[in-house]
């Protein structure tokens, strides 16, 4: 018996149960589509991943359940290479010959605590897949803020990051502190780390929305992919100017 | 020992633990009662289904748990035919000889994403059981809105739908976009698809309630049955005029 | 000094401070655009009203502040006729010769209490301006539900309304009670009448969203215009079938 | 190693991990204490139950988990009689010779739907253990309100209840409808039956708090015990007057 | 120009803009209807008051604005006597010859602070108009709980109240403390006294809903009328038994 | 006509409309009672102030409206000296000869911004009236956190404060930053400074409740009096030990 | 009598009641500090503005109340030139000789409706004061989305904006639609335009946080200054690369 | 494949997946860092515990899952002694020779019910590890408030506690009652004990924030560690004065 059983005429478009993935997003936005595997069956995720592999040469999967993790090990063994990221539970499949272009954007990623790392890594992973350099500094929250100065100075003066992603749960104070100190745009990434009242990330989100330090915008709680997407876009567009500028001055290619 | 043990007099009406189903709703409202199996034991659901089968010739069950799904396969094998809908986890039992009348209402159902499909299918199923034609178009949300134009035009100009159900989770933007374009009533169906703040469908519900495009009303989050009920009522009443009108002009029956 | 002062190039579209009204909505949706005067200066409202008068022959204004009310009395005295509705604080301007077509939709409007009347009248007014017949029954809420039966029966059997708008604040119970009794679609209109917890209409809205009587959808709190728009669309489409049907049977025009 | 290990002096009162049950509440308030077993280990519940049995001759347990249900069957087999109530998952243990006095209060309990029955039964059980007569009428909600009139009239005119408990989830409309019709106090009991926005009983609670029918007060969501306690107190105090009055007129005892 | 202007047929019931007051409520429920003047024009309130005076011999108005207060002084000077209550801003008009029957219910009213008094007085006023004796004790909240014992003992042992209304804002703790001590039903009346988070009465309402002392039910924030209505009903019904009982023993009438 | 008009017996305790102030609180708790004039009439506030003056020799008034401010200038001119604090709109009246004892507690008060100062001053004022030394540092929030180090070090090392009150609105980040750096207890004081979502102090409150730096507790939004009360109690108790200790070592009085 | 009256020693830093403005922010962050005049007295605002004028040559004031607006006309007439922006109620004072550098960032600003313009203009103003080119397109929301295509294409292809600010109230759908179409970063700016449930901008904020179109981050409701700050930072950094690149190719200065 | 895979340069600080524990907190704040094991893998918790053991001689673990509990029994058997606290599910490891200094602070801990004990014990444990004496009194809530007086008097007059922690769920009334009676600072600890609306501790938290008894501050719901940290800091600082004072008078060491 069919899903689209239709006793009295009628028709269905796109109702096969599978997604209609947006294969053109990479080209249109510079941001590759990420397959969120959280609410999908393993079959669905594998099918969509296969279609991305075929068309774009790469498939990125986030929030991979245990069952899918196991099946990914072998499913595309012949045509693709699998990279597995245990902390954010993400995977990247690359067809042989797929070449990740170096776009030159420089993204810094900070976290307040260790529990924020999974979402920070989700953001970092997407930025890397957009061709950015990513520099991460973890566990430098306001409960011991003296740990912040040195690595922050390093990111700004030596690495010269184009944009900072700052992830924090609980009080969500770190992004405001950082934004008050730096001269680059800050993307606040609230995480669902906390307890009691406001402890699913609401306190962190609200605190960031209320920041008294201008130069910050935020994404939703735990939305590492969203933070990575806008940060990567910003950084790569800044790099584009530099790259053209540099290529004028010298013929040395910056491609890695 | 009885539930209604009564040490000091007293009595009980309707306290047998079983529902007092509204067998007359179909006649009074044109909307068949749907047995929501989610919070019932398999025994309760089977008993109520049996009573509907006997009286009305049909029983519709939604949100069917796995255990009930298994028992439904055989429970009414002799007297009824079972249709199973895996996506919305719904079932329809029909006694032999049950005839679903064609009422002629034309309902269009759209979803923003693939995760919204289960509730869209719940709505579509109820509309079909009310004798409507249902036309579905899935995964045409605002993240890639260019996918929307063609199928929407088809629904409006060729199918000439009487009413549209538009299901969306997350930002809940699609129903407002659609309602700004069409000249038929729109029923907004927010779904619990999302993450983080407002991610159980609250953001989608609020956005639909705040629509700046007149001509839309909404049902509660994930209430596919509710969306189907009002959409089916609207469509069938519109069809009633057409039917009478057409039957005047010719004697050809429109029954499929 | 101009609003769009632009020190370093740049330009502005639609930034004159005046709205870009949607003159085509009437044609596209069958719902005339209503000028919400609540947040506009009297000048802005008068200017937009003038443009509607010129293009469409009619301008509808809702939530008219006292100052605007006074200026409306004379502003268009030469070219248009003014109708003033004190309860919903709304106004309709009609150019001489403007002819409101009779569309034939039949809308019933009920309220639970007397405090709900302003929003009910807002809905009724829009329906009338869409060419519907409107039948209103007020103050029949559940605190004395015996007052409901007779007028409801009248609406259903004699008037034969196509759709019901049911407005209620406080407990918001009336729309559910009505929807459980009738066989026409119900549009629930929660109002901001109440006190204490949930007393700005939240209790009424939630109760309507949670209705256990299928066949109802809701609009936002105090959104009389929104309720009128969808109810008028539904009723007129139903009337369209009837009108064609009747015109087949006889040549008598239904125009009043 | 002890829980109250105390390295630097200090002491503990009541820190043995067991509750200090209020054995005097029955006498002080006329309401027996109910052991809520939901968050206790089976051992804790059994120990407290034993102490109540010993002191008061009776122990009442609510929200009994499956494990405790099994152990209750045998734990007090020698000294007490067990009554098990499957719908509210409650149990009453009575020592041999325990005599439940007939207090004479008459309590009516109504529910809107079948899913509200467990909490209604919790309330009914407590009222019975307070010596009240309890009369229950279930599944008479506003989606088919015609089912309400007859049993309600019976409760008021023949049974002559002293107080009504009205349980409802979802839209929570039934208590307001009933309170608008009757001349006895109504205790509104919102239940966590529902879906989507406000679907854990919030919509029902708010609607009851906003009732436009005077003569109703409410308890918290799912608080069947609380509803039973106040209803039983009200009814028994009313009965007290009647009993004294009657005993003046005749010497016939009212004890069943 | 009429409010119910009706261009295309249609009619209006009860749309004169005036309320359809429930004159029979006093008889049906024993609770007189109270005219809430807060959202009404002075004209509307005076008109409704006049109709109550004529039919029932008494009109009760609550939340009276300053303008109405002034006009009440003279509006009914010939036919009725006016009582003005400045603290709850309420008024009672009595036609000459109107006789308030003594029903005998005994209601105690407590407040936590002085700011809670207006709503406590609103409740007390309604109880008195229902023929109850009312005993008030104010400003005995938990910030200095030693002030509570003596007057509470007086109410319970000497006055022997049938029911207690306990009003509290801020922490809302007093009703729970009282309910843990007394053997009469308690009606919790949360007030909008407070500041900061939860300071419009939400903290008080939630604390009362979560009471750990059984025997209490609550009304909405600031709903003094609602608290008085149910408390008066409870007390008068208890008194009814006593009155009959006493009238058996002696022929002395209790009527004041 | 009296407020406590009582047609059918009954009595009133404490119902004169005036507060029953807690004159003993100063002795019992070491915290003087503060008359919150916000919701009182000028007459009420003056009467209560007079009674405090008479009994305790001092009256403290907070949140003084303009009218009361004017009347305070002359009302007690003969018997008391008035100090007026324009920023927190507070006043202290002292009878001649009133001697404020020096308790020795040392309280530091910090604010994130200038808008937080009124509530910080409210707290500081109460601490001073409890006999504490108060040291304030304002406008050192995280938007420019470099301004924090020097004054904080001064407070800790030179002043050697016993406790810190840290007031912040908007993101509420400063208290967490401070608490992560210091070795004295921190009282977080969220203020209603902010905008948009969570902008009435909710974001600040939640962020403080979620602090990841241990050693902080919070009071409600804008509750400067509450913050001062607990901070003053803590500081004075710490000073008590020091004072006894020092007085052992030398006979020099610490009184300034 | 002084604010910082100090009876028992103690001191105050920054407690003069005036802000300690962050004069170095412009240099540190490239974002000039904006004086929010909303909660300040006219005196305070004028004093701070004077200090900014003196130090930085420019003072920017937002949310200027009527009284301050009047006084600004003359207060600095001798030393500075005043620009007044009526729609966002903002003012800019420039000392003679102050030269606003052209930074070259290109910012596009869109609004869904006309009511969103004040906050959009606030953002635009700040971007201009940061030396950006600003291009605005207003009233292109989803209720008539056909008005969006042409101006959006113009912004992207001809103007080649570096970043888009998209302001929307009510349903908040426009930013998601835009973000799904463009390849530049989008800053979502929710506004407090709306009505009923979620109508103070909450619906718009939540919908933007839940966007299904990657490449967008949001600021708080009505935070035009915040949106302008981050957008201006992004655009100017992108321009920096272009400017260096161009200056390599030619010696023509881009300074306007 | 490494977590910090880095295709295009970039680096990571602190990204090893392990926490950067704050070993200096004990010295800086007097509060030992507690390892919250709830969201960590057993491996992570064991590794961090080992590092604390090595550096500080002690490791404290809270919210220990079952698996970690088992592994702790043997993991450090050779170098440390394990104390296990079953009620709060906490563990303390001490290296041989570790000596817990007696700081002399005296902390009282009260709970309203038995369900609050786990979090009260968490607070007590941390205070003991800070060298405080802890005195606990459990199950003395307002439902039977007569149980409170005696133990409270004992704590205040005989034990002479420096500070009280009062834990309560449900109505959260006990801390306000206690704070109204005592002259020591009170730390309110709301717990997630409750049901229905506000039943995850929100009602308790709000009631405590709204306390009308000055001298109390609160921590977040279930934050026993936070309550213990600030209470221990307060008590030990108070003891410091006493200790120095006493040591002046005599040479007897107070070390246990």
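Assorted remarks:
Going in written order, the chains are labelled A, B, C, D, E, F, G and H, and every chain counts its residues from 1.
One rule holds for everything that comes next: a contact is a pair of C-beta atoms (placed from the backbone, for glycine too) under 8 Å apart; a residue touches a chain by one contact, two chains touch by 3 or more.
As the structure is a computational prediction, the values presented were derived from the model and not from experiment.
Put simply, the chain farthest from chain D by mean CA position is G.
Where chain E touches chain H, the two copies mostly use the same residue numbers: shared numbers make up over half of all numbers in play.
In this assembly, A is the chain whose CA centroid lies farthest from the centroid of chain E. Once the centre of each chain is set as its mean CA position, chain C and chain H turn out to be 59 Å apart.
Centre-to-centre separation of chain C and chain E, using mean CA positions: 37 Å.
With centres taken as mean Cα positions, chain C sits 46 Å from chain A. Between the CA-based centres of chain A and chain D the separation comes to 52 Å, rounded to the whole angstrom. Along chain A, residues 25, 113, 143-144, 181, 195-197, 199, 202, 205, 209-211, 214, 220 each make contact with two or more other chains.
Chains touching one another, given as pairs, are A-B, A-F, A-G, A-H, B-C, B-D, B-G, C-D, C-E, C-G, D-E, D-H, E-F, E-H, F-G, F-H.
Within the complex formed with chain A, the residues of chain G that make contact are 25, 28-31, 162, 181-187, 205, 209-211, 214-220, 225-227, 229-230, 233-234, 237-242, 244-245, 248-249. On the side of chain D, the complex with chain H involves touching residues 1, 3-15, 17-20, 22, 24-25, 39, 190, 192, 201-202, 205, 220-223.
Chain G contributes residues 112-113, 141-145, 169-173, 176-177, 179-181, 194-199, 202-204, 206-214 to its touches with chain B in the complex. By the touch criterion stated above, chain B contacts chain A in their complex at residues 83-87, 100, 102, 113-115, 117, 121, 128, 131-140, 143-144, 147, 151, 193, 195-197, 199, 256.
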